[in-house]
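In what follows, chain A forms one complex with chain B and a second complex with chain C.
Right, the complex of A and B next:
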């Protein structure tokens, strides 16, 4: 949605806001924001501060003790397999995000520019169908496709292309495939929303001035659709890096990602201090990515 | 004189405030609304106790509703209890070797001797070192089995399956799945090295770690019960290390090629115990529920729960001949004779075992 069509858009001026937010003498924007602020304070800021505090505690003989020590941080950074879990998560997440963009962008582009408007809504609906199935069910379904006796191997063996099944399930590739299947849909939506906001006149003007279709795409369409890519990529990154289910089911625990390492600490020994340290490490990564993306994160363009 | 009204919260220190807040949140979110009403029993249990056919007879007889919350891992249970208000939970089912540790936290009620049919409980469970703590009972054995091997007998030689070293056998490289629970698997590895589980010391863990890491190249996947079952059924693996009757007994009727056994080194006995929480406000009802679970009828239903099958602790459990055959009822004397009870680690050793397991998964 274009900036000027949305009264509370991120780029609206203070005067515009002041002008449009008086309702019976009440400053609408101020009080309307309070519930969201209270929600964020109660369910994000407060829990986060508690988590930071707990990360300095210790679990001693089954009880949490406020010992105020950096021992958990020292342990995290001294155990290479724990640090490796963080790097594994980053690698899987970056790979997932890049592949999802590469798959989603052409789909969104075709939807926005090649499909008649009356069909766009139907195809968009079909595009988001995977969102309708439960996450766990979808992951287990992928196992039925990828397993040694699964659809892919059975088909390849039956047509004589392979004699032994390919080891597709319980690998990092399976985890990434499961993620890409889900996030391609999300990225398609954000990129599509961005593409249809670009006035057709821009592309026509460029073409009239002699630009080739490739030049039009590279100099007009792509730069103006970056906000949609950035928002989708950021959401993909944030959700993927914190996901536990997909790597647990499709990855088969053949490597540990940071959410799995956190769950091991919580479910096995209720070691919330150690789990808090890992969660903070995860948040540091997400915050860094947010800062890197922030220049392009224009939610009002999606 | 001006009176300053002091907030009730101001008398709480920070930790009390956090505890009160979290308890209030837990009370409002973790329990169904109906759970806070009278005539109900809140049980924190393993998934086998959530089976309607096990709960409904008790509910009908006592005119109560049972609210069952299932969990996996004692750590999860402890965190749920920590975040709940005192009295929220009445009954708990727990991994029996953890009973001394949890009883030490003071959250389990001491159980009267007459609540359990002790004479009918298999002696190996009745006399296990974790069944009584300083002569007192805090959780009664209710179901048991072994950590051993599940396998697909159409591709795995049964003789290989009962060898403790099958996980390192190159013949099955890439065909091994492992049950994702460090505690029994590390003990099984100790047994394959000639160690008796109960005697495993901190100093033995280095050798166990080395042997565990050497197993990884042969391992295709590591997963919870559902995941290893799925891997076995879909042919992704042929052997599950650490699995046994609890992983395949309910699959055998539809997958006759699946089977389970214990190692020639001996099986590792697991058992779950049922107890009453010290803060329960419905202790009489909770004790009656414990008695129902331990009754012959209740034991038969629990043993054949939809979630997973395993041997009932009560030798008088009502079971059909087919169910007994799947549970290897007649083999139990031999299995028990060559099996071991579990190690009782302290917190430090348990944490070290978890670290080794995490390293194994990452390797």
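Right, the complex of A and C next:
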């Protein structure tokens, strides 16, 4: 159960190797991990700490000054449009995550239980292949589908269902659709990985004992597949809430999400202290969600 | 009997509908890159290669394409090397705190790219390092290292360590064992880790956007092109990006699924 979803399923190796062989030559094994650790420390941990520090600084005539004040945080919470951006982001992200689970679960279930085993890998690969590709372009492609003269509107008009185009693009709905498209693929992978690990016997036993198919699903399959749902949902949440490009391309200009608000601080006024405060606010939300999910994620054990 | 037929029919229907949903935008993107008109929307006129010709006459875009390839390959190689060393070192854990080390290596995956990019942007700004392709490459190693480390770690098995011990007994030094015995044994996962890291770097937008200035990567250029609205030229550029990523991912997937799958 523990290694339910790649890339987190890798806890099989470390524990069993406690014996250390007496090694000749260079003590390679002793330093082998250090370059990566040093790199992560230098370019991941330290920058994060610098960002935290800068969030307490002030910008004076376009230059950063280490004044150590909480003024930026007060400003963030007093500007309603900044806090609103955070709440917009949370709404969009939660909606995206829920819809993606609802779309992906049946797909993963069908793959695991209705598709013949020798076809499963091929269809799974087909299902998740576009996940890895062409990030910027994908949002743009949805524009081709949703815009006023795009595929959907021109099809509906040509068959006479509507006479005026529907405004589908440049809305919150378009942003969510773009996200759902992306994360259906990811969640299908993580849920499928969970589903195929459930021993068939459990379901057979439950059926033999008189459970209806629905009961088997609700009492056996669903609870045992929760780890796959949790990992996928968490990754969906993290990536969605921090994504700038999808709302920027598909969302139009009626509302901003927190990544767009952060980018505005950077590009419009190079206001790094405020951008830091907002990044940290985003980080706090993500960490909170991580803690809520951590029981199912087992990331501390990887 | 009819009920079972109904269930399998609706399962097939759902599967087909899902695949249509997943591939619809891609198909439309590619189709309208061959549009002869000036708008990538119906009706389809063509096929025509005029937008590809325009694309390959666009020097800024070609420069960006080369920059992207350079950053993808170099950051992919560095990521794979660091990931391999880390996975190798930690699996023979002589390090004092393997749990903390693993956590540190995996942690960036739980943080948005935007925050990683912002952290680097602000730090480079404070320290006085200017934006460059090198900065972008560093950012890409940070975001891809967890994945490379996870893939490579997952493919190290107890058998590998037995073989290591045998190599030692036969007189190979520690370094020789790592370079000539362990690394070649894991070449499938190293190759897959490289392909995935390179693909993600090739495609990555936000870190590249934040950390580059004069020399930019392809996703950044495409994003700039989007300001002009819908044009088949973007479709053509997108198709190009898509084809290259697809090829890399397919190679990675094939290596992982078909080569090392049986080895575990």
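Throughout what follows, the second predicted complex is superposed on the first by the 254 of 302 C-alpha atoms of A that agree within 3 Å, B and C clash if a C-alpha of one lies under 4 Å from a C-alpha of the other, contacts with A are read in each partner's own complex, and residues count from 1 in each chain.
Definition applied: a residue touches a chain if its C-beta (ideal position, glycine included) is under 8 Å from a C-beta of that chain, and two chains touch if they have at least 3 such contacts.
Just so you know, these numbers come straight off a predicted model, no measurement behind them.
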item	value
First, second, both or neither for A:63, with chain B first and chain C second	first
First (chain B), second (chain C), both or neither touched by A:35	second
Touched partner set for A:249, first chain B, second chain C, both or neither	both
Contacts of A:119 with chain B and chain C, given as first, second, both or neither	neither
Which of chain B and chain C A:167 touches, first, second, both or neither	first
First (chain B), second (chain C), both or neither touched by A:50	both
Chain B versus chain C as contact partner of A:271, first or second or both or neither	first
First, second, both or neither for A:144, with chain B first and chain C second	both
First, second, both or neither for A:84, with chain B first and chain C second	first
Greater chain A contact set [chain C / chain B]	C
Contacts on chain A seen with chain B and repeated with chain C across the two complexes	50, 64, 140, 143-144, 147, 149-150, 249, 266, 272
Chain B residues within the chain A interface of the complex	15, 18, 72-76, 78-79, 82, 101-102, 104-105, 174, 180, 182, 219-223, 227, 230-231, 234-236, 347, 350-351, 354-355, 357-359, 361-363
Parts of chain A lying in touch with chain C, wherever the complex brings them together	6-10, 12-14, 16-17, 20-21, 23-37, 39-41, 43-48, 50-51, 54, 64, 103, 106-107, 110-111, 114-115, 121, 123, 125-127, 129-130, 132-138, 140-145, 147, 149-151, 154-155, 181, 184-185, 235, 238-239, 241-245, 249, 259, 262, 266, 272, 275-276, 279, 282-283, 286, 290, 299-300, 302
Residues on chain A engaged by chain B in the complex (per definition of touch)	50, 59-64, 66, 79, 81-82, 84-85, 88, 140, 143-144, 147-150, 167, 169-170, 248-249, 252-256, 260-261, 264-272
Touching residues on chain C, where the partner in the complex is chain A	7-8, 11-12, 14-15, 18-19, 21-26, 28-29, 32, 39-43, 82-83, 85-86, 88-95, 98-99, 101-116, 118-123, 125-126, 138-139, 141-142, 145-147, 149-151, 153-154, 156-158, 161, 164-165, 168, 171, 173-178, 196, 199-200, 203-206, 210, 219, 222-223, 226, 230, 234-235, 237-238, 241-242, 245-246, 249-250, 253, 257
